[in-house]
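Note that the chains are named A, B and C in the order they appear, and that numbering of residues resets to 1 at the start of each chain.
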Amino acid sequence: MSRRNWGLWAAMAAGYALLYVPIVSMIVYSFSASRMATVWAGFSTRWYISLFSNEQIMQALARSLTIAAVAASCATVLGTACGLALSRFGRFPGRGLLSLMNSAPMVMPDVMLGLSSLLLFVTLQQALGWPERGMSTIMIAHITLTTCYVTVVVRSRMAALDDSLEEAAMDLGARPWRVFWLITLPLIAPALLAGWLLAFTLSLDDLVIASFTSGPGASTLPMLIYSKVKLGVTPEINALATLIVTVVAIGVVVAGVVMHRREAA
Amino acid sequence: MALANRSAAPLEPWKDPAAQPFLRIEGITKTFGKLYACDDISLDVYRGEFFALLGGSGSGKSTLLRILAGLETPDRGRVLIDGVDVTALPPYQRPVNMMFQSYALFPHMSVAQNIAFGLKQDGMGAGEIKDRVQQMLELVQMPQLGARKPAQLSGGQRQRVALARALAKQPKLLLLDEPLGALDKRLRERTQFELVNIQERVGTTFVMVTHDQEEAMTMSSRIAVMDAGRIVQVSTPAALYEYPSTRFVAEFIGGINLFEGRVLSSDAATRTARIACDAVDGGALLARHADPLPEGTAVSVAVRPEKIDVHESRPQADNVAVGKVRDIAYLGDVSVYHVETESGAVIRVQETHVERSSEPHYDWGETLWLSWPASGAVVLAT
Amino acid sequence: MSSVPNGGWSQLWAEVVRNLFGWFRAVGTEFRTRRGRFVVTMLPMLWLLLFFAVPFLIVLKISFAEAVFGQSPPYTPLIEHAADGATSLRLHAGSYALLLQDPLYVAAYLKSLLFAGVSTLCCLLLGYPIAYGIARARPTWRMLLLVLVILPFWTSSLLRTYAMIGMLKANGVLTGALAAIGLIEPGTAILHTDLAVYIGIVYNYLPFMILPLTATLMRLDFGLLEAAADLGAKPWQAFLRVTLPLSMPGIIAGALLVFIPAVGEFVIPDILGGPDALTIGRVLWTEFFTNRDWPLAAAVAVAMLLLLVIPTLLFEYVENRRERREAQA
């Protein structure tokens, strides 16, 4: 910045501090040998070891990762279709409805989405005998939640994409499907990846909707963490949080480097 | 006009009543909401023409071009190419290709892949594609740049790739959307001649859209002047310039002087009319006209600046005016003078600098005598 | 479409029917002429209709049912088939009556609005300088700063809220530091108070305020500020009269993106708040999971939806306007 604006700098520093101090403190205390999560009692990695040997946590983690991967993939497909339709198809019957159904989940409280999804599943089960509440119902609810986020990402990328590229491809003889496959898709691929990651994170992190829509024996990681937190602070959670933060940080750094490399080329 | 040697093709097919138009546009209308982008447009273009659609923004020329390409569907009307009604056909089924204003080169493909794209969609064999791509690159004089990506090319090079890509499929009709808009002046002039030469060699019918009248005049065989969704006049550049049919066309192309007045008398034998105007000596303009003009009709008389002679003393001529120099524009090769008469009319004249001098010939406030013959003016309906 | 015509309601109905027919005809034409596109739009449309829109109708239906404990599902059906073959519609408005009579629910709504409103304001005050700083930073810095804002968002919000426990409990990191300065008594906890809820919501939702604000501010032409200075405006005047009004779309988008979900927040008040931090989200959860009163929970959800419909439509409207304006630019 050209001017040394101390007020702005201070305000920014305060904001970033607010964002990071809790996380950093959690990381620090994950290495504390003490069971009391905020008392430092010497360096130790015992909580990490205890974490990995905890069957319950590991299973919940596996379940959450699976749900997130499937939900993110489906949401990416649906979200791309939505994004494509809303940005390129002009006015079509039902456009307003689709647009509204895409904005609403983003701003709606989780409890509402959770309750309404569950009631749907219960009704369907009564009428059709399907679905059984469990991982599949969580997946369906997560797909519904995360699709709209993917749509937002895809739409903004499509808006930046010159639509004369697609027109040129059609003019040169490519039918619409081939235009999408050969021209549009390669050019929005980074956005699709970003959308997938966004959907993945949202699914992995969701507590409320999973609580409403899951079935017996299908606990997700957030549900497990929540129940443990209600009982009392366990330091394994610190270790788990640190691991998640580290993985995410590495992922973001790698992505940043790759993108930087690409742009410089 | 870049009068390339057109000895191969008949010079003026539009004059031949037996000639069949290659591209026929019938009654095309297109609205966007309440706005008429194209209002009942009909046009005939002949094979091998370099045809220009000329107009300002909002005139409907780009919309018409997109309708020809198939990127917009008209509300009413038909488009026939070589006798076939293509109105309902989507762009990928028409024998038409377009060179886009922004070039629209696919950024993730190389130059060669860009040019090959259309050929691949047609299912051409790999060897054939390679040959054709090379042929195209040589046509636009870029034989070595096949492997580059569009981001690594200059603006002029990108334009050539766009042209090569559009011509690769040897379309029956090539559409160009403001092809020279993004180039700087010197490059533009050079490219104008190159485009005309390429069109000659390839023999494809070109339809170009432009807002630059110089471009249209230089490159095209015929021009359609458009305004507010309608075609105002279709002629060769020379006819457009010397015989504009309306005020709009007269003002749109080149500089013009316009005098308004009522017809005092008209001589059918010599086809000369006298029109009341207090800017000239004797209070009446003498002008040749084609159609009969009843007395009392309100008309405009258009005189091109270069048709007006400048004198330092009263001359003998059909039309004489006198006034003081109010403004001077020095353009290097010519000087343009705005001469204000006593009646308040401002007449625009120009003088070529046949001698080297650091100053324009005449000075501000100088009194000048202007004259032009009756044949130098065109009578237009107001 | 015109407003209610002179012919009265019958003519209005005729209009509606005619429009509906026209709509169906349009759908049919769309299907015939642009089959590919139709499939592309129908895929997400059908999914969202089935799994997003229809559930709301079901919530509405169940809110009119009576709770029956012990059976699965624990509520009465909407359409009753009596033994003699007669069917009747059973609408039980008791849940709604309870909502209006028991002061608990109204208080919970107001509390939720208070939490969400104050937190939105704090997010704005904290987030605006950050967004402004990011927008004005040099491009290389800007990317880094943005990533630093988004990074906490990628980590689990549940875990971050959990981290807040460590900060706010007695002798926690923040409380310990404040006690050391002397602002509070050592040993007091901010945890399980309303203040903790505010801090928690702001902490979790700050990125949602910063991102739209940054996007809008990045589009701002800072040459305007220079022009204002050239015309004699002091920096704070230029801010108030140029920057602030022009960043309004971003402010509104960010505020709605924080406020609307925050109203229904459950996790943060539940984990960080005390028993008196009863928000409507907690009420819904409690009614559903603890009391097993599904119809009442559904009624709470319907009431919450009605409360939020207007802000949601406002959000949709603002977003559409912004998009249209950007398309023209």
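Note that contacts are C-beta pairs under 8 Å (C-beta built on N, C-alpha and C of every residue); 3 or more make two chains touch, one makes a residue touch a chain.
Predicted model, so just to flag it, every value in this text is computed and none were measured.
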{"item": "Topology of the chain contact graph, where touching chains are joined (line, ring, star, complete, other)", "value": "line"}
{"item": "Higher-contact pair (C-beta pairs counted), A-C versus A-B", "value": "A-C"}
{"item": "Whole-Å separation of chain centres (CA-atom averages), chain A against chain B", "value": "56"}
{"item": "Where chain A and chain C are represented by their mean Cα positions, the distance between them in whole Å", "value": "17"}
{"item": "Touching residues (chain side chain A, partner chain C) in the complex", "value": "1, 7-9, 11-12, 14-16, 18-23, 25-26, 29, 37-38, 78-79, 81-82, 84-85, 89, 92-94, 97-112, 115-117, 119-120, 122-123, 126, 140-141, 143-144, 147, 151, 159, 176-177, 197, 201, 204-205, 207-208, 211-212, 222, 225-226, 229-230, 233, 237, 240-241, 244-245, 248-249, 251-252, 256"}
{"item": "For the chain A and chain B complex, residues of the former touching the latter", "value": "162, 164-165, 167-175, 178, 182-183, 186-187"}
{"item": "Residue numbers on chain C that touch chain A, as the complex places them", "value": "23, 26-27, 30, 36-37, 40-41, 43-45, 47-49, 51-56, 58-59, 62, 73, 126-127, 129-130, 132-133, 136-138, 143, 147-160, 162-167, 169, 171-174, 176, 202-203, 206-207, 256-257, 260-261, 263-267, 271, 281, 284-285, 288-289, 294, 297-298, 301, 304-305, 308, 311-312, 315-316, 319-320, 323, 326-327"}
{"item": "Of all residues in chain B, those that touch chain A in their complex", "value": "69-71, 90-92, 96-98, 100-102, 104, 106-108, 117-118, 121-122, 165, 169"}
